[in-house]
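Think of it as A, B, C and D in the order they're written, each chain with its own count starting at 1.
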């Protein structure tokens, strides 16, 4: 029922995209000078900012220290003006703490933490404007920020959302598509090995449709990784131009 | 459904008999706690778990005895002021019975989960707590049991009342009786009553406690029948 | 209390076992532990045993105002508690990571998949709707809390019956169970979570991990499904690398497990319904395993009171006649002393350190002087407050410190304009 | 210094009535401080052996109880009670609300006991501790059990408007026996309450408050509490100080009303007591009720005569 609105007869989506088409991605690295790493990303109308500090010695309670790898500390928050209604609590509610937890898991899988025993890496992510795919924007921004900080990773971590309407998988959902109550899947991928660092899905979907949906999300992630890669390369070029005398 | 409950009545000056609802207990039913017990009185049911003696937080350490913490979890919602008051009653009763000086600088924690409340909840909690402490093998100076008495508008005493009987009654009293001298360890009352009624309820509770202590003994005997 | 850490050899033993396809409790890789579902005498109360893991769910409901953006929908509220009974490492009232994770998973599994018809819970649009609240208490933690919690929650919801309501005009009446039979919730489907744990970089996986197995795992994948083979939620956690094929394989296993568990729940519900219909006994008291050696049941006991009664009377009689008891000073009621209008005192033993009684020790002459002085001060103030501020309270200190003044004095002033004054409290402090 | 002053006074009193011997006083002054700190329990025992207490009281004797009413003009009713050093102030504020759904012709009484950090070093700032919560629940139970006020009296218009009485009891100085002081403070403050008359305007359906016309509450029962502590499983003493409370093995509070009926026998655990001992305590509580009733009546009378 909702599918009729989300996908036209010609096979175009609300914002005129094709089902497998991503939104426009724009990203910049090294936006802040004082942080160890920082990045800003725009995926369509979703805008996210990520800052990385570390690796540094463990702060707060010493009992968190791990003797064989680094502790990753993530905090996700949404600006009070990021949504249509003003958000009362920018962070600390159940959903935000769950999101922080997911980010933490994703990066624990991707960052080579065993290189920094007894230390801590902080990743702070803020959503400035929200239009669907918050998790994926956060992961992508954080990946760039971690690279900017010079922390080694197994691979890029790219995340993308996907939905399923009228037997057609849709990549990179916007807010209208997400809030329709249909299926939505978030997936974080290490593109080169094809390994899934995080998988999360909501709402009902028949088991047989799971395969095409994951496939669509993975393709989208691979597409994103190309974009991120070009951003990194461009950034490196700019930096090396500056440092070369 | 609830008509099968057996709480019969006694007139204040009469000679009739009183009764307890059927009761039962299962010990050692949870794998994680050091001691656990579930006590059932009619439909009222409480589950108790005990941890300890174990490491204690420095801020709660007592140099000459163990620190006992009691938590009562209601079935719906979060614990409130009512649970706090009950926790205090159970904790101080257990503290008096336990020989906590044998475990200085350590922590004991008792958690009670209300599984079903159909009257006499506090007495059921006390009984579950005592059985769980026994199951944990903690040294105690004496055992204790809880008995609830209600006085209905006609002045009749009802032992082990159901929730409905408690609601209709004029006063409800819960006593904890110790096994050594059958004296009153704890008392918690609701409603107003005369001194005579109080003394009668205490006497009734002391009598009822004999049945419960006998039950404690029987269940322990049964439990260790294979090992003894 | 902190969790006892797992020793290295224990860890290696477990992992080695998993490599050899052997589990601690002798199960196969894809086996569930025994599941036992018991219902209480209350509607919506359910205890689920999954091996040694035990979870209690209670469903309740109340009338509330609906959310502004959904005026015609009832509310489903889920709350999972990690009771300190379940494990020594659970502290009451702490928002641990595990708690957040379980709560969100449960929310997504039940609420986001719309397992109950929330629109049928509307009573008056925009004013009153039912809020169905599910409280899940973890009583014993032996691994795989999520599966146990989801089974308990959905079984509780299916078992629950809410009171019937009637609407006359704008008057909403809630009928008690005696007046009208309570109505069950309308359940669309029953989502059930199945957990898979991964070991050694995802090479091995186990269904329904126990607590020990959870402690050595790399990560966990939870799939919530219903028996129509619809996936309601997927969540991976822990730092594991999954491959797409693994996810698909897990979803196939999950669909088999879910249909088994659904059948079990339906059977349990059917049994309970039958027991209630026949008027037989139900509830936890009946599900007690009487055959076990740790269990004892006793039928209601009679209490013989024929002789004890005399005893209790004797107690009251005996003590009432004993007048020599140190505590009972019946009959002698001291009369209170009026210290100021609105301030009265009773008792004749020691004074308190606040100084309120100390004026007794002063000279009578001084007393009279003061009385006169204060009569003027007092009149305007009386209407507002009974507290009088005494201006010359320095003298009192002197009085106390000099023993001479306090010697000859027997008569107590009966009335005296005196009351606790702030000024005095301050002055007295150096004495302490 | 304070100690000295008190003891000297006791000494003087002894001449009048008590069996406080010279030996005791000398003993107390010279060795008291050291002995008391090192062996507080032994120190108390040595007094109890002689049937008296370190502060000169007999076992069944209360400290001086002082009552002052109406000292807070911003509250609808207030009272300040001191039992020895223990000081509790109770302020009652009435607010208008709609009655509870399940009892449309009732009002509410909401008691709250506050133990702020200023009253004793025992209490920490922040959320109320167990003792404060237990005390609040105790007060709520007394109000419920004794029916001190009929809740129907607080209803103004059935199902529409009723009074909520917020009874806030705050301890200003904690030296044991909190509950007795709270009960006296609550009762005296309730007797002091003057609520403005409220009526519902039939036309506008709005509440109208007439501040000129005041009415007093109808106090149905006069409960008072007497607290006891048990020393060494056998010695029962009344009105304990904070130190006696901390050294005791059990505490008990008996609440009686003017008809000598019990409203509450609250003994939260501790060592056990026989029926006979309980009976002694109840008898003492009954006498105490007389004292306090007289006290409250006198204080109200004294205010009236001075008006």
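Observations, loosely collected:
Note that contacts are C-beta pairs under 8 Å (C-beta built on N, C-alpha and C of every residue); 3 or more make two chains touch, one makes a residue touch a chain.
Protein identities per chain, from UniProt: A = Exosome complex component RRP41; B = Exosome complex component RRP46; C = Exosome complex component RRP45; D = Exosome complex component RRP43.
Keep in mind that this is a model prediction, so the values were computed, not measured.
Listed by label, the chains touching subunit A and subunit C alike form an empty list. Distance between Cα centroids is largest for the pairing of subunit D with A.
One simple way to say how far apart two chains are is to compare their mean CA positions; for subunit B and subunit C this gives 18 Å. Subunit A and subunit D have Cα centroids lying 61 Å from one another. Separating the centre of subunit A from that of subunit B, both taken as means of CA atoms, is a distance of 54 Å. With centres set at the average Cα position, the gap from subunit C to subunit D is 29 Å.
Residue positions of subunit C touching 2 or more other chains, listed in rising order: 312, 315-316. Among all residues of subunit A, none touch two or more other chains. Contacts with at least two other chains are made by residues 275, 279 of subunit D. Chain pairs that touch one another, listed by label: A-C, B-C, B-D, C-D. Touching subunit B in their complex are the following residues of subunit D: 130, 133-134, 136-138, 140-141, 144-147, 221, 249-250, 252, 257, 260-275, 278-279, 282. Subunit D meets subunit C in the complex at residues 1-2, 5-6, 8-10, 12, 16, 51, 55-71, 73, 80, 82, 84-85, 87, 173, 236, 238, 275-276, 279-281, 283-284, 286-287, 290-292, 294-295, 298-299, 302-303, 305-307. In the complex of the two chains, the subunit C residues touching subunit D come out as 312, 315-316, 318-320, 325-336, 338-354, 356-357, 361, 382, 384-387, 400, 403, 406-407, 410, 419-420, 431-432.
Every residue of subunit B that touches subunit C in the complex is listed here, in rising order: 1, 4, 6, 10, 15, 17-33, 36, 38, 40, 42-43, 45, 47, 49, 51, 54-55, 71, 73, 75-77, 79, 107, 109, 111, 113, 115-116, 118, 159, 195-196, 199-200, 202-204, 206-208, 211, 215, 218-219, 222-223, 225-226.
Partner subunit B is touched in their complex by these residues of subunit C: 1-2, 40-42, 45, 47, 52, 54, 56, 58, 60, 81, 83-88, 92, 133, 135, 137, 139-142, 279, 281, 283-285, 288-290, 292-306, 308-309, 311-313, 315-316.
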